[in-house]
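There are structures below to look over.
Both complexes below contain subunit A, partnered by subunit B and then by subunit C.
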Partner chain A sequence: MAASSQTTSPTRALRDADLIDGSGAWAKEARLTASDRAQAAGLPQRRDEYWKYTRPDAFVQADVTLQASLRSGLNLFDQRNIISVAFEDGKIQAAVLPNAAQCTLESLASASVLDLHWARDVYGRLEEAGQNPIKRSLAAVNTAVAREGLLVNVTGAVEAPIHIHATSSGQSDAIIHHVIKVAAGAEVTLIETGQYGARSNIVLEVDVADAGRFHHIRVQDGNERHMLTHIFGRIGAEASFKSFTLTAGGQLTRNECVLQLLGDDASVSVAGACLGDGGFHHDDTVFITHDAVNCESRQVFKKVLRNGAVGVFQGKILVKAGAQKTDGYQISQSLLLDDDSQFLAKPELEIYADDVACSHGSTSGAIDAQALFYLRSRGVPEAKAVDLLTLSFVAEAIEEIEDEDLAQDILDHLTETLSAR
Partner chain B sequence: MAMDDVQVKDGVDAETVEAVKALSGTYKYGWNTEIEMEYAPKGLSEDIVRLISSKNDEPEWMLDWRLAAYRRWLELKEPDWAMVDYPTIDFQDQYYYARPKSMEEKPKSLDDVDPKLLETYKKLGIPLKEQALLAGVEAPEGERRVAVDAVFDSVSVGTTFQAELRKAGVIFCSISEAIREHPELVRQYLGSVVPVSDNYYATLNSAVFSDGSFVYIPPGVRCPMELSTYFRINAENTGQFERTLIIADKESYVSYLEGCTAPQRDVAQLHAAVVELVLLDDAEIKYSTVQNWFPGDENGKGGIYNFVTKRADCRGHRSKVMWTQVETGSAVTWKYPSCVLRGDDSQGEFYSIAIANNMQQADTGTKMVHLGKNTKSRIISKGISAGRAQNTYRGLVSMHPKAKSSRNYTQCDSLLIGDKCGAHTVPYIEVKNNSSRVEHEATTSKVDDDQLFYCRSRGMDEEEAVALVVNGFCKEVLQALPMEFAMEAQALVAISLEGSVG
Partner chain C sequence: MLKIKNLHVKLEEEDKQILKGVNLSLEPGKVHAIMGPNGSGKSTLSYVLSGKDGYEVTEGSAQLEGVDILDMEAEERAAAGLFLAFQYPVEIPGVGNMTFLRTAVNAQRKLRGEEEMSAGEFLKVVRAKAEDLKIDADMLKRPVNVGFSGGEKKRNEILQMAMLEPKMCILDETDSGLDVDAMKLVAQGVNALRDDKRTFLVITHYQRLLDHIKPDVVHIMANGRIIKTGGPELALEVENNGYADLLEEIA
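What follows is the complex of A and B.
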């Protein structure tokens, strides 16, 4: 992944050949143009403003020195009716993906050898749109080199959630690129759990057509892993996009979410809750562009940090000229359980339309001593009381999940995680 | 108190209100005084730095300091991160030193000052003579008085009330005089808050500053009057690089007012000032600014490029600093008055109104760096955008690991008038201990139609109604201003927004 500024060298030609080896026409084009984008942008540097609070080094250095822990037993959501897709060490495990009504599931590996595929209108396209105004070259690298991922074409309301569960062992790098296309009026829920590799670079492109609905729930855990994820969303008129992420492990996580509201009356919500402990660094970077009238966007992020954990939030609402009646809301809060932890935030607004109501709030502080005292006076042991207050602190983020059953699963998982630590 | 002087001030305000109604897009202070100026040659080089230094009769150490800054400046890159857009500045196409010819011989007292200069200040409504200032101000202890140091282009032209201040032990003079008369103080503190290499414009200022104000308040002294400086850029193509240094020794207090204007010109003028405040134990400084440099015309032609570095260092325990600013002028503003809260229990406050109309661009805010225990800071920022202007709040709140039990509250509100302008908020929040609490909130909205409608239904015209609503929006900041400025600021808010509705 080393960047070279030379564009037409013999090594470049060799690398390009390698890049498109076995690709069909559409994938060939997407991979080559993405490679050009990555070349032009260069890799992120430590001094880049966009990487102010998270060092990009770990994502760009050549070798992975991490040992992913194999967690076999994340049985979250197992009890439900789900369409299950398993990844192991960055590969889809089933030779044939499950069939489901109202949608088709394919692997990128099998679709990319074809000359024509519906994914050509989305794959790399949304990522490309998300490169402006800020370069996200690691996402372009992903588009260029990813060989595996899940492609879902949603044509109606899919009843059961699609569940991607990834497991990994060893020191592998995983570069995965998912594409979800939600047709007009269609609806789907995507759940992602587990870890793809010791170091993962994951891109999820979601194209939601008019009046389509997309729900996304993600649980990130694991121990020593590094993970960089990008969600690129294009949201049509009256459509809805909701993404929630729970992060309760991993050494380094950066979740970027880049959404563009292009149709009127659409609504999006991006939420996250994270529990950080020890050498844990978690970064949520959100960029929402309002380019249509009467849209709503919400960002709700809660971070609970202890033992020197670091939580980062960079959120931006960009309201373009003409995007009147925009309702933008953004809240980022941290609960620092001890003196060594850090919360670093940069909540931004950039507004070029006047008839809007945009607000952001950010707070940081310790646990409320009075609330703690109250619980203890009622006979709740201190550790339990801290857990209870922690749960109530992150509740606002979990409430962003629309499906109450899934929200309850997340809450249960969180309670379990808290009591286990 | 002479009544005719009182009326001069009232007269100016009334006249302005008239002007607002009658004319569109004109600038109240847009005339220039025809005074013979003495210029140093255009451009910037070591020779110019030496010339400025020799014109001010500076000692060797000061020249060395300037030259070091100049050499450092050559290595620096102009910052480009602010959300402002302006043509590249040709630093060699500027005059770095200009002073009225009549200043060749330093005036002994105000009576020796060129009457035309004094006339200029009178037109500005600046009260160089004491009476004019006291206009309609309620005096808490008999009378309230203000001492003024006026900087005209590059030279400080007169400091009133010297004798009385001296009696109290307060030193208030131009910085060039301070370099000659109080070298030990200047050497100790100059550049100790804003180091020579701090940033591009501060470094440039360190090399070429020609004058500015110097204040020293001795231990235990409450400065008997408010101190004031008025800056005015009069000559064409000159940059004004003033340098202000205020030292508040233990248990002292001073309130300092700063105002700025510039005549109307169709070429942009450069202004790069540095203000350093030093606060020792239990000291308090209140620093208020009303800035209405020429903002350029409706099409963005001309105006001042205002690149200012202001910083307060609360070195002492329990020291307190308060920045209040009303920024209505300048074509481009790049200004972040900051507080370094080093002493335990020290406090920093920042109250700001930034109005950008027509083609103005403002990128302004503050930095609150909490280093000491139990430190407190408060930021209230009100940004108003109209016309095709861009207004950005950019700020930092940093709680260092050792700043235990500290507190910050930040509120940034933006108001948009019209759909061609922009309002942006870029706060940085860094919390590195858990006993501190940080709260930040920001909102962006437009002028409330219901409120406008109510005002209109009571017979106000649209412009008056907007001015009233906007003044209400800014209330918290206006209340933080000293009395003299509060009135002027309210009027300024109305003037600045003139032509923005309808």
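What follows is the complex of A and C.
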């Protein structure tokens, strides 16, 4: 039904015949079923409730018309001991990926020609689970046609963070699908920086087994680029999942995060800070399902908007029957630096258990006049004082990052970005 | 140091006159105290002098060392040597106290065309001054005023004053919310900064603070004006008899 208007507007290919011909057994099956899934769901339409605040057109139309060159001057995390993986114009940049203890790194391109691979238990599976109750057909399209991505099998505690750094030269479309499998008791940190393409559709599936720990830190920059990302997470008992995103550029960003807490005593945190200026539209859409006892989930989103920038937050906590002792926290706030900017928030709670604590809050506000005067009365010029109060505003989101050094890197980058604008 | 002439101030948002012709002349090296009943305009005077938005000067002037300050931005007044210790210091989550102090010190230096203080030098100075005020390393590291007790907040104000080394210090009800020990500590901090050049304007409701910070001159403010000026004995008179007698005197 939703697909009915596809004849009148150009749409993305839901199937890539060449790719399927060249796929090994597991990937062929995953790609074919995903394309059926996408076909059945239809592409998102403007009238869809889930796309009420962000128009899907830019992600759906056939041609990329952006000039979004970014040869990235982002040197973030370069000084650290990292396991580095580069993507350029949507292609992974090493025939042989780095070796690291306690994990294996492979490219989707090389793994998908095999008939058997561990990724078959995750690739497309978590995305499929995330299609209910709301269809996310562009993620299914991604599963069906993505040729590139990073597959990481984590078997123990990986010491250095894995850092994916993406650059792009202009008008290309990038469709990337990463899979991270964290074994029981294992731990890994994934850092993603840069932009994959002028327009990108990125899926990250993360399977965290019992007592596993996954940390994710993402910095999205870029100028004109459009980016749609989906994170699908499956979290086991006593496991932990934390994802933080800083968005300081780009024209259009929609970050969806769909997490399922399936084992008791697990905890997840999804946080984001964004700095929006002018023609900037930033959408965080989060869906967290509690399906086990005594789990904790946190959503902390802070958006700083000016010159007509738009921020969107759609966040839902679903507590299933039996998910007792759930502790859910959700806060979304915007700092509007002028009257032209806009923040749209839709917090939702749906609770079917009777012994839970869920809190949610959403605010929009301007710079606090008394705090501004306090700083200026100490000699801090107005612009610098506004920057300091902006940092103060987003601090709660950055505090969600567990590793203090990485949090400091993010803070430093943010400070630099602010003083440069 | 600071010369206030016939200062008339009203609220910007509503037609309410708060200051109705304040005259004050503060000499270098002196401590002046202003006492007065609630609503007399004491805090407004401190805000207007330090450059807070929301007030309109309708008449009169204020000069710091001969320079008119009322047209300056708050940060320019600070760089010119004016400091206000707030009655309610503001909490700024996510910004470390040390970062805040260093930003302020260097911003003022930059505005004055001086060289910035290096990180090492700054650290040395701030540690020594913090120790005098019994401010520990943890308080320096924590976000500005967040989770500080009333006494810690006021000591933190005095630390800022010590670091910024202003010529003209205004203390707005610095004694409010302090127990006796905390007040002594704050007073010690202030007294340590007294010298023959630096001027203080201490706004307070109570004589108690003036036992510890001995004023040279005491002014009584009521209904937007200074109604009486005298020596330290004036503060004692207020303490014993309240403001009623003084108000009758001028009525």
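To be clear about the criterion, the second predicted complex is superposed on the first by the 401 of 421 C-alpha atoms of A that agree within 3 Å, B and C clash if a C-alpha of one lies under 4 Å from a C-alpha of the other, contacts with A are read in each partner's own complex, and residues count from 1 in each chain.
To be clear about the criterion, contacts are C-beta pairs under 8 Å (C-beta built on N, C-alpha and C of every residue); 3 or more make two chains touch, one makes a residue touch a chain.
Note that this is a predicted model, so its numbers are computed, not measured.
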Partner chain(s) touched by A:Ala357 [first = subunit B, second = subunit C, both, neither]: first
Partner chain in contact with A:Gln61 - subunit B first, subunit C second, else both or neither: neither
Touched partner set for A:Leu336, first subunit B, second subunit C, both or neither: first
Broader residue contact with subunit A after superposition on the shared chain, subunit B or subunit C: B
Which of subunit B and subunit C A:Lys346 touches, first, second, both or neither: first
Partner chain(s) touched by A:Arg378 [first = subunit B, second = subunit C, both, neither]: second
Shared subunit A surface residues [contacts with subunit B and with subunit C]: none
Subunit C-facing residues of subunit A, complex: 368-371, 373-382, 384-385, 388-389, 391-396, 398-399
Residues of subunit B touching subunit A in the complex: 81, 83, 399, 401, 404, 414, 416-446
Subunit C residues within the subunit A interface of the complex: 50-54, 73-75, 77-79, 83-84, 86, 89-90, 92-95, 100, 103-105, 107-108, 111, 143, 160, 164
Interface residues, subunit A side, partner subunit B - complex: 49, 321-322, 324, 334, 336-366
